[in-house]
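The structures come next, written out as structure tokens.
What follows is a pair of complexes built around chain A, which joins chain B in one and chain C in the other.
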Partner chain A sequence: MSSAETANTYSLAQRSLTTRKLHGSSHPWWFAAPAIAVMAAFFVVPNALNFVYPFTDWSSFKNTINFVGFSNFADVLADGTVLKALRATLIYAALVAVFQNVFGLALALLFERDTALNRFCRAMFFLPVLISALAVGYIFQALLATGGALNGTLSAITGQQISIAWLGNTSWTIIVVTLIHTWKWVGLTMIIYIAGLKSVSVDVVEAASIDGANRWQTFWRVRFPMIAPAVTFNVATAMIGAMNSFDIVLATTKGGPADSTQVLNVYMFKIFGQGLFAQATVTSLSLFIVVVLIAIPLIAYLRRRENIL
Partner chain B sequence: MSGGRSPNGASRRGGWLQPMVALLVTAVFIGAPLWLVLVTSFKPQGEAQRPNLDLPKVWQPIQNYLQVLSEGRILQGLLNSLLVVLPSTILILVLGAMAAWIFARRSGKAASGAYYFVIAGMLLPPAVVTLVLELRWLGLANSQLGLIATYTSMYLPLAVFLMTGFIRLLPIELEEAARIDGANPTRIFFWIILPLLRPVIATATIMVVLFSWSDVFYASFVLGGGERATLPLNLLQVASAQLYQNNWHLVFAYIVLMSLPMVVLFLVAQRQIIAGVTSGAVK
Partner chain C sequence: MRRTNRTKLMAAAMSLTLLAVGGSAAQELAGVKLTMWVAQASATLAKQPAEAFEAATGAHVDLVVVPDPYESNIPTKLATGEKPDLAFYQPTVSALPVIQPANNLLPLDGEPWVQKIGTTEQGLGIINGVRYAAIVKSPSISGVYYNKAVFAKAGITAMPQNYDELVALAKSIKAAEPDVAPFYEAGGDKWPVQWHLHALLSGLDQAFWQDVNANEASWTDPRFVAAVAKYKADIIDGGLAQANYQTGTFEEQASSLIDGTAAMIFQVDALTPLLLSKLSVAELNDKIGWLPVSATAPQSQFVADQTNGVVAFKTGDAAREAASKKFIDFWLGDDYAKFIQTNNYPSIEPAVPSPAGLPDITVAQSASLSSATGMWYLYVLTAPDIHLYLNDLLFGAKTPEEVADAMQRQFVQIAKAQGAAGF
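Entry: the complex of A and B
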């Protein structure tokens, strides 16, 4: 036994000597170990558990946790609320990705030149990025309530009583909520597009205009293709951010009316609060699967397209 | 930096149009909502009940803000936020820089595998429900330590991503010279690498503080409210409590106070913040 131990120590020593000779000990693994351990413990383990607990009856009403097979999934399909939340999440993410990029790029082009006024306007549009999303939600609740500031202002302008239920329509309030989400984040999208536009060399743009391209052509044919990395980044962050949206929906509509704006995270928050933990994990798992199936392929596609250009 | 005028001279032609449009767009979309917040926070309850853009007929800013400070537990919330955000940020920066150094300098499958293992957290959503379960097992549920662990694991990937990209661009000769002089890895990391990381540390700090300062979702799952509520979680609690129902003057006074630290930080470090947040995005 002692000889085996000696052999073991010897081979360990020898191995560490070999790595030392290569490059190992100049950049030892233990520097990366704490970060890897934190991610394993608090990111990977919960996500692994998230594949187990949807198959249990875990709730605040029982002291034991038992496996129940697919019954939670059957309930979910029969009830339809998670599916509705899934649909709301996808619509929400798609609208935010479009709005944030269209408006972000438009603002970037509007404020592109480095004048004092433009710098001021950029800073103003960046302010909402710094305010908490919950606060943004409350601000827009006050603006858009039926008796709120927007209807009041519209009434004053038109001279008639206007009382549009901006946050109370089952078919288009989700558009209003995604526009609020866009308002909060568009400043970030904008400054990234401005940085992208500035990185395009002036020579290229000048060459295009000497060749007779007008501003419209120069933008779409020359500058826009060259800001592809900024497009990828902005679409990806907008999608991922929108899929994880919570605060703005909670503060404006609480998921209503009739669950029409109830995204997965809001539903998860509600049923977790009711003590239905296993159902909450079903929702959480749905979100995970949606991101894996939609966001990641999309980002991979955008990155590939960057390389072609 | 000169963004340059448009080469075909259009900027001269539209000399007054662009500033007009820029001002109008900013006033309508940013000025009006922020104006609403400010004026409402100065109004008495009766005037604030139906929020509008009018100036207050009766000004009572001091009374509103003092009431929020005394009854809204805002100072407790501020302390709670600092107790979570500061340790999380420091942990993320230190662990992130150490790991990024290894990922940037080591070649081979193990290093790139470990790198992707860590940064996968930038795209994949955290499983918050089972995370709460795990924190209960560890005795960390409903505790600041539990929320620190949550934020650290959530924003560490972003820091590692930014820092690894940054270190890859640093010349390795600096390290090699020190190594020949007999410096060990710990010494090289703390004396040579870490000081060079200052710009990317600034960027990572800004992003992490920005996200964790305004988070209410993860805080509500992990802390479940109560005594330890951070500023935004406290806002969620008080805004739905009796005191604040329809009391927009108090909600908005709270929002102004809560946003102040981030806005002041932005005004002081605007250049670095904008350079920082754009650095990862544009190649």
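Entry: the complex of A and C
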């Protein structure tokens, strides 16, 4: 390559760099237009409308939609059901976040090494993630029915007639349902924790053991802080996923017994079905606000834990 | 373009009329495709008339099953812009307004079948004086199914003449046969728990419910609260229901009644097909009896559900709208005898005899209809979720007063949304 050619190539490269700088990117912005259009139509607009409809009298009973101010909010607050549903949603989300992460991390530690058996077990625990949530709900509903397989098995083992109402207890059923939710999603949490654990440098772990740390100390003082990004992701997704839970609850308990598992989404579905669309959007807006109010500080806190890395 | 379409339409309509008059019925509606929404519970019901109508006219009727909860999925689907030609729909004052009949449904006044059906049935499906639903089958009738052997063993010969006598009878069974549950309550399925209450409230007539509609009376009326309290005190707290009344199911109502672990089931006639899936008609006649009872008399209660009524939608397509009406006319006309024969239903048309070999229970229920009292579903603007609130009652999460409060609160909320006068 002659020096003239080199200079030419250099100036060309220089020019394209300048052009790129001028336009801010290597592609025209409208390449993103289809994606933006889809996003706008199916996400941005519906979410924006979610801030409009709660202030209207939209219902299935008439064709017109009029603004009514805050009267829907007043109605919904006066009727304690939505606050009960909010409470159920928060309990549900907290339980799922704890169960899914404790069990997910335990499974990750158990199946961390790459043996053939571990690979098989990982696949087995990941399988429920792929099953439809409704199907999972109906399967467990059948298993846990008073005359279902679980009571049948317990009766056979103990030799007595056992008829525990697993899905019919106003205090404990919410725990049973969150455990079902956990069973469905724990495989995903496990895989992410395994990936996190594998990204921890062997040198660090070795250094810890040379310094005299036992296995528990190595895990709790060295490896656990190093998987902070995985914890952030898992806790946040478990919590947000649980707050938006609908299908598993609907299939197992339909929100019962006596509304004890009626999370906001199930309540919303119920009043939407009564034709009270505006009241349903009030619930939907409340859920949105609650998720934002909880998710932002939670994620901010978890991200701060990552600063040590 | 518009004119061409209109011309085409007129031509189609004219040829339709000509064909109908000409009597070459076989392909009269060839190429017309109708969609009918059906529920899981009514999925097979429309099959026979649809197939017969297809054979007779050349039209195609597509039966689309809309999953449960049907009554709330229908308005949701309509709200998203989907619209069938026909649908099963509860033909009551409380359910029809949800789908805006004046905007969405074809008026069916003056159709040839109206005069053919019985007078009780003729009174259903009317909103603001306009008929919007065709009644294809007898309304649901509520009463007490009982195990004949259990009654015989407890020495019961006289049937109760009112609700208090029914409770006394249940107590005598409990005393005579401690292992038998006098009533089997299906709290797990929620909806079956309400029938006692309808019997207890048979004294509240149409005028009372009209006052409720005008916001001049309330669900918190002492008579309503007293009825809920009586059900709880006598049946639940009085130990007249089986031990797992909170989680019992509709399915188990049938099996426990057949095997005699339960003496009685207060249910609508939806229990009969379930019993018949386990027993032959002869066995059913032999084992199971039925008795009507209200608060004060041996009378049954009736209500219409989605299996009773068929509505036709305004679709803007004249040919399809005409075909929809024709289908209903065919169903309740030429095909009616075959329809009730296929489904083993009692006839609702005085001129058409009921099929032979109906179970004794069905015959008794059908006979009780003339003196039966209508449940509130037939009269109120909107029916609050009594089954959910009674479920709370069974779990001790609501008192009878709170059940009444919840009914009133939900009623007011929906009445307001409907724009009802007085709210």
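FYI, the second predicted complex is superposed on the first by the 282 of 309 C-alpha atoms of A that agree within 3 Å, B and C clash if a C-alpha of one lies under 4 Å from a C-alpha of the other, contacts with A are read in each partner's own complex, and residues count from 1 in each chain.
Keep in mind that, in the parts below, a residue touches a chain if its C-beta (ideal position, glycine included) is under 8 Å from a C-beta of that chain, and two chains touch if they have at least 3 such contacts.
Just so we're clear, the structure is a prediction, and the values are computed from it rather than from any experiment.
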Partner chain in contact with A:112 - chain B first, chain C second, else both or neither: first
Touching partner for A:79 - first (chain B), second (chain C), both, neither: second
Touching partner for A:32 - first (chain B), second (chain C), both, neither: first
Chain A residues touched by each partner, larger count belonging to chain B or chain C: B
Chain B versus chain C as contact partner of A:147, first or second or both or neither: both
Which superposed partner A:258 touches (first chain B, second chain C, both, neither): second
First, second, both or neither for A:272, with chain B first and chain C second: both
Partner chain(s) touched by A:60 [first = chain B, second = chain C, both, neither]: second
Contacts of A:43 with chain B and chain C, given as first, second, both or neither: first
Chain B versus chain C as contact partner of A:286, first or second or both or neither: neither
Touching both chain C and chain B, counted on chain A across the two superposed complexes: 145, 147, 272, 277
Residues of chain C touching chain A in the complex: 69, 71-73, 75-76, 78-79, 97-100, 103, 187-188, 190, 244, 246-247, 252, 388, 391-392, 394-398, 409-410, 413-414, 417-419
Partner chain C, residues of chain A touching it in the complex: 57, 59-63, 75, 78-79, 145-147, 163, 165, 167-168, 170, 254, 256-260, 270, 272-279
Interfacial residue positions of chain A with respect to chain B in the complex: 23, 25-29, 31-32, 34-36, 38-39, 41-43, 45-47, 49-50, 53, 58, 107, 110-115, 117-118, 120-121, 123-135, 138-140, 142-143, 145, 147-149, 152-153, 183, 188, 191-192, 194-196, 198-199, 202, 205-206, 209, 214-215, 227, 229-230, 233-234, 240, 243-244, 246-247, 250-251, 265, 268-269, 272, 277, 280-281, 284-285, 287-288, 291-292, 295-296, 299
Chain A contact footprint on chain B (complex, rising order): 1-8, 10-11, 18-19, 21-23, 25-26, 29-34, 36-37, 40, 50-53, 91, 95-96, 98-99, 101-103, 105-106, 114, 117-118, 121, 123-131, 133-134, 149-150, 152-154, 156-157, 160, 175, 179, 185, 188-189, 210, 213-214, 216-217, 220-221, 231-232, 235-236, 239, 248, 251-252, 255, 258-259, 262-263, 265-266, 270, 274, 277-278, 280-283
